[in-house]
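Please find the structures below.
Each of the next two complexes has chain A plus one other chain: chain B in the first, chain C in the second.
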Partner chain A sequence: MIRLLVEKELREIIGSAKFAVSFAVCSLLIILSFYSGATNYKNTVTQYEAAKRANFRQMEGVTDWFSVRNHRIFLPPQPLATLVSGISNDIGRTIKVEGRGELDAVDSRYNDEPAFAVFRFLDLEFIFQIVLSLFAIVFAYDAINGEKEQGTLRLSFANAVPKEKYILGKLIGTFTSLAVPLLVPILIGCLLLPALGVALTGSEWTRLALIILAGLLYFGVFLSLSVCVSALTHRSSSSFLLLLVVWIFAVLIIPRASVLLAGRAVDVPSVDELASQKIRFSSQLWKEDRAQMAAFKGTSSDPMKQFEEFQQMMQKQNDERDKKMQEFSGALNEDRENKQRVQQRLALSIARISPSAVFSMAAASLASTSLDLKDQFRNEATAYQKSYAAFIKAKTGLVPGGRMVVMRQEIGGGKPKPIDPYELPAFKYNPQSTRDALNNSLFNLGLLFVFNIIFFAGAYIAFLRYDVR
Partner chain B sequence: MNQTQQTTPQQKQIPMIEAFNLTKTYEDGNLALDHVSFTINSGQIFAMLGGNGAGKTTTINLFLNFIEPTEGEARINGIVTHKEPLKAKELIAYVSENVMLYPNFTALQNLDFFARIGGKTQYSKNDYREVLLRVGLDEAAHNKRLKGFSKGMRQKCGIAIAILKDAPAILLDEPTSGLDPQAGYEFLKLLESLRSEGKAILMSTHDIFRAKEISDIIGIMNKGSLLMQKPAHELEEKNLVEMYMQYMAGHNGQVSQAA
Partner chain C sequence: MFKTLVQKELKSILLSPKFTATFAVCTLLMLLSTYIGINEYRSSVKQFETAQQLVSQELRQANSWMGMNNRIFRRPDPMQIFVTGITNDIGRWSRVDDFNPIKLQHSSYSDDPIFAVFRFIDFTFIVQIVLSLLALLFTYDAINGERESGTLKLVFSNAIPRVHYTVAKFTGSWLGLVIPLTIPTAMCALLILLYKVPFTAAHWGAFGALLGASLLYFTFFIALGLFVSAITRHSNVSFLVSFVVWIVAVLIIPRAGVIAAGNIVHVPSVAEIEGQRDSYAKDKWEQLNQESQKLFENRREAVTGMSEEEKKKYEDDHMWTAMLLQDSLRNNTEKEINSYSVKLNEDLRNKKAEQEQLGFALSRLSPASAYQLTVMKLARTDIGLKSTYEDVLNSYRTTFTNYIEKKQKESGQEGGIRITMDSEKGFSFSAPRERGTLDITGIPQFDYTLQQAGFPLVDMGILFFFSAIAFMGAFIGFLKYDVR
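After this line comes the complex of A and B, so read on.
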């Protein structure tokens, strides 16, 4: 019986002109998202390599390591970010490393290409979140009440058809006839990636498969929700309207409202507030040090020795100032981060009412483009800054950064040799491991599954009570 | 087509479709059916006459267990429909007033689906073609999608589905509505052949003349009550029309039981 009903759904949906048109549009968009993702990735790789080369080029001709002042590290493009951009286009991709002090990521993708900030990128996440959820509604909003309006429900139930088998067949049939054909353009898209020069590692393929799974679960949520609403109403126009309202809330309102609500509930000091406090404190420290510098009196009459003493004093001041600054900034940052974490957690918890937000979070976690990406890049940069400082200290005897006076003395009149920038320790970004990404997405994947179960059960119960006349 | 005749004609007189004090009161207090009783034996056609809202469709809905009776029982071959609905429905074929099938399916595909959902999986395409020809649907229409079909053509498909089910009890809810005179005539011939196969047929209709022509028993319903049921041969056509008009006008006569 279930098989017969599944076959009927397959035949009815796939044979309709509505399916042919919608499927063609969805397939085109899916393939386009893979294609544009792949070309974007190649462009960002080119930009990334060019930026790295430019970084080394600006060091050319520099003859001592102490004069290296504008060393930058870059967030390498992540292949999966092209399919699920998450926050990867919003956060800064470049960090200036000085050896000490706070690190700020600048030059986001949207900063470089503001037009994309207006219209955003067409990625796989967008296709699933917006297009395919609507696709599910368009095909399932009249799954039950449409059959009633059509008169076929009455004729079907004039036969010995158990209601539970009918609804099960309906759900399986609708899902199979809509979700399985969607796998075709997705598979074509997957094949396009290596063909267009995007080489994914085994781990990235696994993550991509899980992103697609999350997408199908999300699709299933809207499908079972549509069948449920269709079994709760008697007119297809009512169910369509109701589902449209639910879609607007789930996709557009709840995720945004959750951020607003969390912002109201938890007060987080702004970055500007913190920056001005840090500047005030730094100026105060600098004022104290300047007074000390003004009062400097060397122990030797030899100007070179005096300069060395002065430099040592400055280095000491720098170290102490840096330490105080780090403590002060650390306390401020920690306080802000704690509050921000609470705010984020609250926002994400509220947003989880919406399957759309849950899917977004799951997909972004799997693509490593969630909110964690910012922390991951900063942590990697902080670790790099330490190795950079150690390298410069090994070369010059001093930790770079801060304020100091450098005196260059040429002995013997020979031309100094330029430094080799490639000696610098290379910045190697370690993306989140697959296990971590999976752990972070597991809750959201589970939640999508629970949404499916809830709406499936809703559809089942509603249909058992449905008047088929 | 492999037509398995499950029952022998009239001679056996097995009570196949039975209503016992069948009563339906809706939640809003509306009494849709008031203690209706009748029996249709295998090989008999019972025509329920009555205007709109008389309770004809409610009676059929109770036999199909689309609604449950407030009182009384509807039985198919002794099976109480609201107690064992699936078992009862295995024995029922149904044709509605306005047959609606899947518009994107062809006639053959619709027949295939509804035959299989009715538990008949043994039919081939040729069987479907044969039965479609039997109900008068031209071969050219067999592979056409239903969305282009007229009401009469859809009605023929609905009847074909009922024939394919080969059930001992057939419920027809104004089946000739929408059929042209030629198709109506062919339909009556079809009913005769189904009767001769031993089927018990309950038919609701507005059509007094066809009811008189084809049925064995005629019942007149008004406002949920079965006001009269008599063997058709006892009624003259003229009498039946007068009687019907009187009952519709509110004549409160005693129910006259069929012999």
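After this line comes the complex of A and C, so read on.
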């Protein structure tokens, strides 16, 4: 019986003009999102490579490693970030590295290219979150009450059809007829990526598969919700209006409101206050060190040896000053980060009322474009700074950065040999591992599944009480 | 007859449950977005004022004009309550000093990325997404719905000109649906007054124009709904067609236009430009070092063979000239680096402008883009915001650095450390005596008066054009419609 009902549902939906139009539009949009993601990725890779080359070019001709200034490292483009943007376009992508001192990521994509901030990107996340959820509503808002209005529901129940089997058949048929065909354009999109030169690793393919799974679960949420609302109302116009209002709140309002509520509830010190405190502290330390420098008395009579002693003293001062600065900044930063984390946890917890927010979070975690991205880049940069400092110290005997005066003496005449900037340790960005990404998204994936069950159960129970006449 | 038809249309809309739900949702959303916008604006103003105070404090605590720098923050604009635009995507402040070019950095979203996860909801967003969808919801079955229910046939059993009917349908729908827009908007204006948001006459003018643009945008979707209803026989078909058109026009075309432009016109990244600038600067400083070295060698050669007294006299006679020459060479080097930086930034800006013009031209195929661009320009939260600020900051930088240079000369270049190496006296380090803080009252203040934004005539014209086309389409479609 269920099989018959499912087949009936499949035939009805797939044979309808609504399906043909909707499927065509969805397929086009899904393929377009993969295409635009691939081309966007290639453009950002071109920009990234050019920035790296320019970085090395500015070191060409330099003859002393200590004169290397303005060495920059960049956040490399990630292929999945073009399918699920997350916050990847909002955070800084460039960090200027010195041997010591705090690292500051600047030049976000939207700040550099504000035209993209006006309308933002057409990515897979957007297609699932906005477009497919609307189409789910359009298909299923009259799943029950539409048949009642047409009179076919009464006819179906003129036979000995158990209500539970009917609603089960309806739900399974609706989901199968809509979700399964979507796999076709998704597969085409996935094949388009390597065809357009976007090479994904095995781990990235796994994550992409999970993102698609999350998308299908999210689609299922709105399908089952629509059937549920259809089973709670007697007129299709009422169910559509109600679903539209629910969609507006779930997709557009709740996620944003949750962030704003959390912003009000948890006070996080502003970056400006912190920056000002750090500047004042740094000035204070420099004032103390300058007084120490002025009081310097060398032990040797040779001016060159005296200067060497002075340089060693400055290096020691730099190290101590750096340590104090790190402790001070570290305490301030830790306090801010802790409060930010509380704020974020609160915002995301409230937002989880909305399946749209849950999907967004799951997809961003899997694509490594969630809030962790900023911390990940900073942590990787901090680790790199240590290897950079060690390299320069090995070459020059001094750690660059901070306030120092350096005099380099050339002995033996002749033009010094320029450095090879490619000797510098390369910055290798390690994105979050697949295991960590999966762990971070597991709860949200589970929540999407739970939403499906809840609305499925809601539709089931509502229909058992439905007046089919 | 026309009045009767309009009244009939108005009654059917106002008395439908759809209207109550729409009105309630729109009112709630608009009031909520305005309330949130006001709170966000107030907290931006507080943040701005705090930042300014902190910067003033840093300046007051400085005890040397050498290396003096300033930080200028963008001032929040009250219109961002209604149109966020790119306010939170572009940098909030720029350093102003002799060494670094002007660059707005640290956007609100980059500092607090939690707000970037779901972004802000503003008045524009509600009109652009929600109201347009609701407008279609009301009008998609305006004609074919009546045909399906049999009332169209009844209406035309009377001698009613089709022209009158179409215009009355449009007018009645427009009047009925403009209520969920204008009444909440008036309530939003009341909120502005209640919370004493500092709206000037210019702001009220912009708000009025924003309302006008929203009405025009709304009108397009009413006309579109009528048009689709007038060219289809069944309401479920017109619903689907309207829905697909909405998705493509509101969600797809705006994004696709800019993305296409991004693929056609390639713009180098800021990091690449900075790398080129640093490379040029490095070469110039290297050149300066070599010239300085040559001058030093020449002076050393000139005193070869002189007695100690003669050397001292020569140095005393030529010291000032040497210092002036060194200063001049340094200034020339800095000027050349600055000019090169300006040229690079100009090239970058031109390429970006080309990309933006193409992107926005393509996206203007959609009235949603035209609407978005219109309101952003009215609220001064469009992409011109960044370049406007940077231009004004560049002028301020010149004024500021000239003042600092003057002050450095007046104070005798004090503040810098001096290291001397002498074969007789040996090595010595000196730093000037602390003279306490400086008198910063004369430091030029940044003028926040930005040029008035021009009226977005082109985009308003596009909105009007789209509305007219859709209405003409509905008109012509209905003239040929089979009412049976």
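Basically, the second predicted complex is superposed on the first by the 468 of 469 C-alpha atoms of A that agree within 3 Å, B and C clash if a C-alpha of one lies under 4 Å from a C-alpha of the other, contacts with A are read in each partner's own complex, and residues count from 1 in each chain.
By our rule, a contact is a pair of C-beta atoms (placed from the backbone, for glycine too) under 8 Å apart; a residue touches a chain by one contact, two chains touch by 3 or more.
Remember, it's a predicted structure, so these values are computed and weren't measured experimentally.
S.K.: Where does A:D467 make contact in the superposed view: on chain B (first), on chain C (second), on both, or on neither?
M.R.: The answer is first: A:D467 touches chain B but not chain C.
S.K.: May I ask you to name which of chain B and chain C touches more residues of chain A?
M.R.: In the superposed model, C touches more residues of chain A.
S.K.: Just to be sure I read the superposition right, which of the two partners does A:V131 touch: chain B = first, chain C = second, or both, or neither?
M.R.: Touch partner of A:V131: chain C, not chain B.
S.K.: Output check: A:G101 vs chain B and chain C. Expected answer is one of first, second, both, neither. What do you get?
M.R.: neither
S.K.: Touch check for A:P181: first (chain B), second (chain C), both, or neither?
M.R.: neither
S.K.: Return first, second, both or neither, reflecting whether A:L122 touches chain B, chain C, both chains, or no partner chain.
M.R.: The answer is second: A:L122 touches chain C but not chain B.
S.K.: For A:R11, select first, second, both or neither according to whether it touches chain B, chain C, the two together, or no partner.
M.R.: A:R11: touches chain B, not chain C.
S.K.: Across the two complexes, find the residues of chain A that touch chain B and also touch chain C.
M.R.: Looking at chain A, the two contact sets are disjoint.
S.K.: In their shared complex, at which residues does chain A touch chain B?
M.R.: Touch residues, chain A against chain B: 1, 4-5, 8, 11-12, 15-16, 150-152, 154-162, 467-469.
S.K.: Name, in rising order, each residue of chain B that touches chain A in their complex.
M.R.: 61, 64, 66-67, 85-87, 89-90, 92-94, 96, 98-105, 109, 113-114, 116-119, 158, 161, 165, 171
S.K.: Applying the document's contact rule, which stretches of chain C touch chain A when the two form their complex?
M.R.: For chain C paired with chain A, touching residues are 17-18, 21, 25, 29, 32, 36, 39-40, 47, 50-51, 54-55, 57-58, 61-62, 73, 85-86, 89-91, 93, 104-107, 109-121, 125, 129-130, 133-134, 137, 236-237, 239-241, 243-244, 247-248, 251-252, 254-259, 261-263, 266-276, 278-279, 282-283, 286, 352, 355-356, 359-360, 363, 369, 372-373, 376, 382-383, 386, 417, 419, 421-423, 426-427, 429-431, 434.
S.K.: Quick one: which bits of chain A touch chain C in the complex? Just the residue numbers, please.
M.R.: By the definition above, chain A touches chain C via 17-18, 21-22, 25, 29, 32, 36, 39-40, 43, 46-48, 50-51, 53-55, 57-62, 69-70, 72, 74, 86-87, 90-94, 105-108, 110-122, 126, 130-131, 134, 138, 237-238, 240-241, 244-245, 248, 252-253, 255-260, 262-264, 268, 270-273, 275-276, 279-280, 283, 287, 290-291, 293-294, 296, 298, 301, 303-304, 306-307, 310, 340, 343-344, 347-348, 351, 357, 360-361, 364, 371, 374, 405.
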